[in-house]
Each structure stands twice: as C-alpha cells, then as structure tokens.
Amino acid sequence: MDIAKVVGSITSVSKIEQLKPVKLFVVHVLDGDFQNSGKYIVAVDTIGVGYGDLVLITTGSAAKMTEITKEIPTDTSIVARMDGLEGEK
Amino acid sequence: MDIAKVVGSITSVSKIEQLKPVKLFVVHVLDGDFQNSGKYIVAVDTIGVGYGDLVLITTGSAAKMTEITKEIPTDTSIVARMDGLEGEK
Amino acid sequence: MDIAKVVGSITSVSKIEQLKPVKLFVVHVLDGDFQNSGKYIVAVDTIGVGYGDLVLITTGSAAKMTEITKEIPTDTSIVARMDGLEGEK
Amino acid sequence: MDIAKVVGSITSVSKIEQLKPVKLFVVHVLDGDFQNSGKYIVAVDTIGVGYGDLVLITTGSAAKMTEITKEIPTDTSIVARMDGLEGEK
Amino acid sequence: MDIAKVVGSITSVSKIEQLKPVKLFVVHVLDGDFQNSGKYIVAVDTIGVGYGDLVLITTGSAAKMTEITKEIPTDTSIVARMDGLEGEK
C-alpha cells in the first residue's frame, strides 16, 4: 500500500454502470519524506474521505477486495485514513 | 486508475479471436498537471470514446471486469469519460 | 497493452513442462514515437509472428487469457500484429 | 519479492473492517547494494517483525496468499525475515 | 518475462510455512544489452538453478502457476534456464 493525499474528485457522466455508485478521488502519492512524489492516481473511496486527508491506497486485485469495490473495475482503492506514524523514520 | 487522452486507434488484421469484436485505442497517460506524461498505452474501449476525449483507464485484472472485456485478454480498459475535476488541485 | 517489435527468440533446454510447447520471443517495447524505449520483454507468441513484426503485448493475468497460454506461467503474451495506426497522433 | 527494512508503523482509526486485526508497517525497499532505494511501501506483517529488521516483501495477488492476509485487501505483505545472503554478490 | 542472472540465495529462519520448502534466489535483472540493469529481485526456483545461470523469471499471478509454487505467496519465479538467443538482436 502507499500513503497518499486526497486532492480532488472526478466528475464523469459517461461511465460504465459499475462505476456509477462510487466516488472517484484524485490522490497524490507521497514519497518517503511525505512529500508529493509527482505521481497521482484516481482511486475509489471505501471509507468516506475528504480533501486533504492522508490515506492508504491499495492497488491491483486487492483494490477489489472490499465490500464496496468487489464488483467494480478499479485498480486502486482508498482503504484507510492515516492518523499517525510511529517508529524509526 | 489513470487519466488519459485518446489520440489514435490500432488497425490489426492478425489477432486472437477474443480481440476481434473490440476497438483498440492508443491513449496518452496524463501527469498531475494534465500534460502528456510521455507514456502511452493501448486500451480497449468499453463506453464509446473519440479522439481527444479525456478518459479514465483501469489496468490489471480490473480491466477485464466489464461486460465488454470479461473474456478479453486486455491489461487496460477505458471505463469512463472525464467531464471535470473538483477540489484543491 | 503495449506496442512492441519482435527482435529475437529464446533457446532454452531446461524449463518447466508448461513452457515447452510455446515459442518465446524477445520484444522491444516501443515508446510514443515508435522508437525503442530501451525496455525489452520475453513474451509467449499466440498468433504466429516473425522477427521485425510490430505487435501488441498484453501483461499480467491477461497474458494467460488465450487458448494457447491458459495453462502457461507467462506474464506477457503477444496477442495481435499491428498493421497500422489511425488518429491524431 | 524484494528485500526491505522495517522503519515504522501506521496508526489509523478509520479503516475498513478487514484491515483492523493486522499490523501495518512502513518498510524501505533496499537496492542491490542493500541501501535504501528511496522507495517505501506499507505492508501487512504476517510473521511478527520489529523496527530495523530486514525482511522479504511479496506484492500483488501473492500478498493475499497467507493465512493472515487471505481476506485482507493488501497489495504488499511481509513474509520472511532475512537472516543472511549467500553467493556471488 | 525477464532475463536475469542468479547471483545469490537468501538465508531465512523466520518465514511463513509455505515458503519453507522452496529455495529463494537473488537474481539481477538484465537489460536489452544483457548487462545488469541495477534491479534485483528475490525469486523462487522451480527448475534447479545455480549461481551465474541466465534464467527467465515470470512475475505476478503467473509466478504461482507452476507445480512447485501453486501454494506459495511469491510474486516472482524462475521458470527456465536460458541457453541462447537467436534473431536480429
């Protein structure tokens, strides 16, 4: 999983049926120093996030392993809000 | 998912049976500033797009989770047209 | 999927049983300008290609979704020969 | 799999149910010279690790193939502690 | 698949049960000119290799499609020894 920051949301009228019930957020992936890595991803929200939140995103087949995303063709989902970081870092 | 721009389509006579009914588009993946990232991908269309459209592409096993692509060996599918972007960005 | 050029083939005596019936080609992945991107991949052929052909390769679990590759532990398969490109590009 | 060093752990209150029972560690992926590659990942622990440990991480669908992670939407899991390296390197 | 060179093996006491019966090798991924690309991976051996061998590695879900690896949480497996390369390259 990667640590990312929620920065926007996508407006889309034409999309496949499965994507219609979910909210699509644009997140910036953070690097090891919690700075913007320059990489963004569009992710399905599964927990209820807002702009500016630090979140964990999961990718690949894992992105479809939540109650909300199991029928949704997403390759990236937001699965946790990050409240803090402990350790040596 | 990534945001991409539809720029072309592939003509192919020799291809496996499963790919014959679908339309293959060349898309340029956009970076965080909506500029061409220099990366292109060939994607199966599932919604009916045209050249110049901004779209969302999904990759990996998710690319096969639509009605149109479920039997198709694609690693990338176009699943939404992007109409706008809201938020902090 | 990516556009690639077939440049060689692999000779291998010691390999797992599943790989024995298939032909393994070395392909160079092309960039957005149809130049060699510097990245090569070894791919299983599913359509009958030759050196110099421009082809489409599919990766990940999709690489195993053809009649020829469904029991083969490959992460990349050649699924179409590219005859042309239309559009804005 | 990649070799990584455990450097921290994530504190999170809002997360999907499946992630609640597991411990999430921040690991730094090491390069070929056992130096920090600059890339970090958040991984689920399956063996009981501590800060500073050198570990092996597995990614993609393999990350869900352990007793602990089989129902968990993780794309990266810690599956071994590395005790040594033999060979030409 | 990628072409890689076997350069070492991992010693590990603490690992999940599924990894105990297999041998874990460190391989260096080679670039298009058969030079070390600077990228290494830890791979499960399925054919019996030794240090210095040139091998093919497969990644992702394909890495678990061999008799030896089908229950093993690996994202990379060695599936062939490379004996030669023919073609334009």
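By letter and in written order, the chains are A, B, C, D and E; residue numbering begins at 1 in each of them.
In the analysis below, a residue touches a chain if its C-beta (ideal position, glycine included) is under 8 Å from a C-beta of that chain, and two chains touch if they have at least 3 such contacts.
The shown structure was predicted, so the numbers you read here are calculated from the model rather than taken from an experiment.
Engineer: Averaging over Cα atoms per chain, report the distance between chain B and chain C in Å.
Structural biologist: 20
Engineer: Roughly how far is chain A from chain C, centre to centre by C-alpha average, rounded to an integer in Å?
Structural biologist: Centres of chain A and chain C (C-alpha means) sit 32 Å apart.
Engineer: Mind pulling the chain B residues that touch 2 or more other chains?
Structural biologist: Where chain B meets two or more other chains at a single residue, that happens at 59-61, 63-64.
Engineer: Is the chain-to-chain touch network here best called a line, a ring, a star, complete, or other?
Structural biologist: Shape = ring; chains linked end to end, path closes on itself.
Engineer: From the touch relation defined up front, give the order of chains around the ring, starting at chain D and going on to chain E.
Structural biologist: D, E, C, B, A
Engineer: Could you please specify the touching residues of chain C with respect to chain E in the complex?
Structural biologist: 6-16, 18-19, 24, 26, 28, 36, 38-43, 51-52, 59-61, 63-64, 71-76
Engineer: Okay, in this complex, where on chain E does chain C touch?
Structural biologist: 1-3, 31-32, 46-48, 56, 58-67, 77, 79-89
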